[in-house]
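Before anything else, here is the set of structures, which you'll find just below.
In what comes next, subunit A is part of two complexes: it sits with subunit B in the first one and with subunit C in the second one.
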Partner chain A sequence: MLSFLNARQSGLDDPVRLRRAESTRRVLSLELNHNRDVARVHGNGINTLDIEVIDGRYMLSGGSDGVIVIYDLENNSKKLQYSCKTVCTVGRSSRHVHKFSVETVQWYPHDTGMFVSSSFDKTMKVWDTETLKPAEEFQFDGNVYCHHMSPVARKHSLIAVGTKDPKVQLCDLKSGSRIHILQGHRGEILSVRWSPRYEHILATASTDSRVRVWDVRRASGSLFTLDQHNGDKSKASSEAVNTAHNGRANGLCFTADGLHLLTTGTDDRMRLWNSATGENTLVNYGKVVNESRKGLKFTVSRDCSPEFVFVPCGTSVAVYGLHSGELITMLRGHYNNVDCCEFHPDYQELYSGGKDCNILAWVPVLRQPDIEDEETNSKRGGTQAAVNPAFEDAWSSDEG
Partner chain B sequence: MSRKRAMIADTFCLKKRRRSAADAVTGDSHEGAADIRSSLQKLMTLFSRKLFNDSLPPVVLKHQLYSLHSDKTSVDKQLNELRASGELLMFQLGFDSEAFALVFAEDYRAKVLQGEAGRETLETVEKFLDKLIPGCSDLSFNKEKMLKEFLFTDSEITRLVKSGVLTVRDAGSWWLSIPNSGKFIKYFIKGRKAVLGMVKKSRYGEILKTELEGRRTTSHVKFQMKYHVHDIVGAELVECIQTTSGTLLRYVDGNNN
Partner chain C sequence: MDQTMRDKLSQLVEELTTSGEPQLNQDKMKEVKKMCKLSNDYIDHFYHLIMTQLNQEHAEIRLSAFQMLSEIFSRSHHFRGLLITHFQEFLELTVETDAEQPLPPPKEVARKLRTLAIQTVQSWHATYGEAYKKLSLGYHFLKQIKKVDFHDVEARTLAERKRQEEKQKRLERIYKERLDKAKQEMAEMTTGIEETLTEMNNCIKLLATDDLNLFNEEAEVANSSSGAEDRSDRPCGSKDLSNEQNGKMSEKRSDEGQADESSDESDTGDVPDVNVFLRSTGLMSYKYQLELDVCTDLQVRETEENEALVNTVRDLHRLVTTRHLPLVQSWVQVFTKVGVEEELMRRATGLKRSLELALSKHEDLHIDYKHRERRVMRAAEDGEDSEEDFVDVPEKEGYEPHVPEHLRAEYGLDETPSTSASEVKAQPARPVVKRPVPLVSASLSRLQRKRSDEEQDPTCAAATLRVLRQRLDPAPSTSVSGSAVSSSGQQGVSEEKASVEPPVVPFGLDLYYWGEEQPTAGKIIKHTSQHQFWVPHEVEEEVENKELSAEMKSRYITFAGKFKPVEHKCKAPMPDGSLCERQDRAKCPFHGRIIPRDELGRPVNPEDALRLEKEKWKRQEQQPDWRDPELMRDIEAATGEDLGSSRTYGKGKKGGKGKRRKYPNLTDLKQNANTSRARLEKKVFNKSSMRRVTEVMNKMDKRKHDKFANQFNYALN
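Here is the complex of A and B:
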């Protein structure tokens, strides 16, 4: 660490290197911290989490009971022990609350004045955060599995919506119109994601095992379909040609730079694709247990040197190295299935929510003081509490 | 916890690691491929030849290698290199879309010709093997490829299917296959199910690997115990946990089996 600091100070290294090394160290030391928890409001499982992009201060969560809660993640009390409080909720008593489970929530990418939620009651509502009333409501014919707004869009304000219908619908926030549809899939759309690099590129995953990448400006169909065998028709059985997975494709996530796309499927596999060419990079993550009937919400770390993928796997969150495919660790702490996880890029914290109605905050462990520091402190009679000689023994170590 | 310390140390030892890794990298590719080859040979010795009256070449499944090497991506890469060089052949077995069988090319050739000796399909099979082994690393072939690239006629294709080298996949396309492998697949699936059942029925659904390897095999298990253990570990049908008494295999509940 000191070498990194020295190098940065003397100009030998790019400032980014120190940041990346420290972020990576922090992500590798994620653990449950008893000083930090999130207020428990949901009465039923939590389906989705979203942290706003501008400050990283407010987090939205949507639950299976239709309730939407906003939490304040920032610690303004001077104490170490902090519980993230709720700022406001759209509870069951509200007139406009969703009737069935909320599947996806997302903050408006440009400010926190607005957020959009979609639910199994076949509606998508655009809420005004201050009054907690829907400013706009879109009705659909089937259950809405997911929606996404582009985080980098300046020229359009389209929300891509995936429903039971094989057609992907694009709803325009500015005009309220929904005439733009993308045809091509043959099954329910379980996940949609805009690229964080280009505002017109959209990826969709569906139960027909295919993942398609679209340019919404194009009138004709998708740009390409992701093929797990990279066009090598000999590997697949004839029905499985041109599919991204051997089961339903139910999770999508772009990496932070938008150059790679991760997909998960019910064949218990996760694949990494080059998002420009659609080529399968053939990184083998092994068996990523996936039994989700709806979309799976997973996330990728940001600004770390080997990037990490956080995938909910059963009752724990699995952390994989993005390009190496090795399982780094499993974060265990939930009592029931984990449904969603969200990475806070500024503090390298992970929030995960699941069926046990808890949102757990995984916080990087602070550095332990060196043994030398402890000795020097005790010599000065400093702040470190010295061990009473009566309790010292020869066989236990003072680490851990 | 010492594991955590190891993970933190990694990033900050990047510089030191890189220096030693850089020296290793240049020699690594040769070592890596040799590594896979030696693991393959080790696994092939576990294959019981006399069970099939010596009519099958030693077969290893791709995921058995994952139980010996931790980095799956590099294993895949090295396997592809071996296949491209014509040393190794890969086959799609019917029962699982992810289960691939690996056979050394010379073994395959020797056994197939041995099985074909005296039959009228011998020359067609020889012709096919000559075309296949040095150049082609496909798992399946469709009609145009057979007719145009390999210049086989329809009747020759029928003879190849009859001899067992090709199996029907679809109208007009065929999988590459190992002749007489039906018995192998049958015993393999039965054995896998029996071994998994042994793990499941143990107390708490878990058993030490050494204990499992030492257990007496029932009549359902025709292969060697170690062969099956590598299979279930590599296919992640059981969870591998390191304990102070060795590796523990725990049955994973979410299996389809």
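Here is the complex of A and C:
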């Protein structure tokens, strides 16, 4: 650490380097601890989480009971211990609440005054954060599995919506109407994602085990379909041609730079693709248990030197090296299946929500105080002593 | 880490977890703790061992493992860390958080395990919840998601509650169905029942020559059970006795003295106008007692006039007892069980009460139905006059224990019932030969009484004997007659002579040719043809038939032997201390060959004793399955009673049962499967019997095919 600081001071290093090293260290030391709690509001499983990118302060969560909650993540109390409070809730008593399970929530990428939620009650609602009333409501024919707004779009304000219908719907926020459909899939659309690099590029994953990449300006069809065998016909059986997975493809995630695309499927595999060419990079992540019938929300780290993937895996969250495919750790803490996780890029914190109604905050462990700064040491001593007895062994003397 | 230590730890863990005891062995546990204290490596190993044991499908193993684990949990931080990381799995295995993964049997132990686990988690949370985030998360998970009530003594989990709810729901549904059915039935049947009731009441009213209006009144004052009796007890002075009743009742004037004793207090109210009353009635004093006997139990005799009425009452009575009353009772039962609205309940109970009332009234009538059946029969065959000649004989069914003295002869019984089974009676035609009774001691008379009692019992051997005797005696004695035996020695010469009366035998060919030599005996003679010009080719004139000739000269007399009643008893000692009472001739079905035994049931002959001992051993060796010695020992330990498991069963069960169970102390889960059903299944569904059955069925099929092969639908399949 000191050497990094030194190098940074003397200008030997690129400023990014220190930051990367530190954030990587922090990610690697993620753990469940008492310093951070998230208020327990949901009375049912949590399907989706989203942290806004402007301040990195507010987090949205949507539950299977149709409730949407906004949390304040920022700790202003100047204490280590902090419990995230709820700012506001669209509870069951609200007139506008979703009737059925909320599947996806997303902040409007450029302003916290608005967010979008979609649900199994076949609607997608655009909410005004201030009044907590829907400003706009889109009706669909089938359950809405997912939607996504492009985080980088300047020229359009399209929301891609995946429903039970095999056609991907594009809704325009400007006009408040469904303006376009993308045809090509043959099953329910479980996940849609805009590229964080090009505003017109969209990836969709479906139960027909295919993942398609679209340019929404092109009307004729998808740009390409991801093929797990990279076009090698001999390996694939006739019906498995151009499939990304052998089961349902139910999760999509672009890397922060948008150069790569991660997909998960119910064949318990996760694959990393080159998002420009659609080539399977053949990184082997091993078995990633995935039994979800709906979309799976997973995330990647940002600004770390080797990047990491956080993917729900049964009752725990698995952390993989993005390019190495190496399983780094399993974050165990949930008592039931984990459905979603969200990475906080500023503080390298991870939030995960599961069917056990808990939102758990995984916070980096603080660096052990160095010997030099005795001042802090003595201050910490108090807290340490308070905690320590529980950590100590209690062998009785007669057992020696 | 030392390999031997490691092995020892594994062994200790296995021993402790498979002990099957509710509490851990403290010494062994101390040793485990000592090892775990040495280093974290041992704790790691211990953790893995414990988790494998927790995964075993046996609640006792899990309970013991859990107890060990909680001991170490409170001591080692390292172990706490390990366990809490996999706390979810732990909860699934001990608290049954996953409904699809219920705790394994035996049930009681599983319940105990869960209660203990919940309590322990709570105490852990209190102590370590601060330090271990996941522990407190788990606690909240149990509390809020799984709705475990930590104060609930039963400590029921959500899954269990759900199961119970489902059961409750099912029961409710069944009850509701029943209720609906009962309601419907009630709606349909009520009018019918009421009609029957009124009909019956009217019939009874007509039948009972009800001058006293007793029954009507009873019906009105339904709750006063016996109004008539009350009335009959009233003293003479009471004025509300109407005159006409007085006239009809038999009036008795009791003795003066008696009347004195029972002077009446109730009449004190009349004291002022005593004289007036006395004068007007002409009685000398008040001290009379008037006793009225109202015969409440009427005897209704069936006569020509009321035959129709009686018939109806009888039918109605049968209808009510067999159909209506049970039906109404079932309704009431259903209603009380389900808890139905009051109105319905009241109606049902009202119906029941009135039905019962009608029945009791019917009882009071004492209708004499005796002749009915016969009469009905006769009425049916009335056309034939000849039937009239038959004398009515009271009906009887089968065996009659008592036969009146004057009918005995008619029944073919001897005049006096025999008292001793061994005594053989002479034929009834001859004068009764009575054996001189030898010294009737008290004990003997009791024995005789017992015998005669036994004779009355149709299930007893003595009764059979008697029947046999009756059958034997009238038959002509073809043999030299048993009377000779009975009269051996003690009887006089005259009687002996009488007994050597020539035997009567049926007449036969042999008697016909008695003492003659017949030339043609047994020869079949075919006469030569008498025909004039047609002669058979060759005729054998004489054919000798051996059988026939033998029949001519000899005679078969069937010698059946003489029935000799069994006088000995089996006398084998029974488990309850008595001796076997069976009287079989040669072999007791329970105790085998009958051998002479002393009064304690021990065999008299030493070789018999030896043989019995040997058989006993052999029997013990092939103990039936259900008497698993281990199970018996368990039961004995639990009840403190000796069931005989301590007896060594054979010299090591050979063959199939030889394989010893791995952990003898654990409750055997498979033992539960050993039900009567399972045993039957083993018999019925075993391979060879199945094969046999299919073979037979195939054969039957084949036969059909052979028979109807030319019909297309048999030919096809």
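Simple rule for what comes next: the second predicted complex is superposed on the first by the 369 of 400 C-alpha atoms of A that agree within 3 Å, B and C clash if a C-alpha of one lies under 4 Å from a C-alpha of the other, contacts with A are read in each partner's own complex, and residues count from 1 in each chain.
Just so it is clear, a contact is a pair of C-beta atoms (placed from the backbone, for glycine too) under 8 Å apart; a residue touches a chain by one contact, two chains touch by 3 or more.
The model shown is predicted, which means the values in this text are computed figures rather than measured ones.
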item: Touching partner for A:Leu360 - first (subunit B), second (subunit C), both, neither; value: second
item: Dominant toucher of subunit A (residue count), subunit B or subunit C; value: B
item: Partner chain(s) touched by A:Asn33 [first = subunit B, second = subunit C, both, neither]; value: second
item: Touching partner for A:Tyr335 - first (subunit B), second (subunit C), both, neither; value: second
item: Contacts of A:Arg293 with subunit B and subunit C, given as first, second, both or neither; value: neither
item: Subunit B versus subunit C as contact partner of A:Ala21, first or second or both or neither; value: first
item: A:Thr315 touches, of subunit B and subunit C: first, second, both or neither?; value: second
item: Touching both subunit B and subunit C, residues of subunit A; value: 400
item: Residues on subunit B engaged by subunit A in the complex (per definition of touch); value: 1, 4, 7-8, 10-12, 14-15, 66, 70-73, 75-77, 92, 97-98, 138-142, 169-170, 173, 235-236, 254
item: Subunit A to subunit B touching residues, read off their complex; value: 1, 3-4, 21, 24-25, 28-29, 31, 232-238, 240, 246, 267, 282-287, 289, 291, 305, 314, 324-326, 328-329, 365, 400
item: List of subunit C residues in touch with subunit A within their complex; value: 30, 33-34, 37, 74-78, 85-88, 91, 97, 127-128, 130-134, 137-138, 140-141, 144-145
item: Touch list for subunit A against partner subunit C, complex; value: 32-34, 40, 315, 332-336, 356-358, 360, 387, 390-396, 398-400
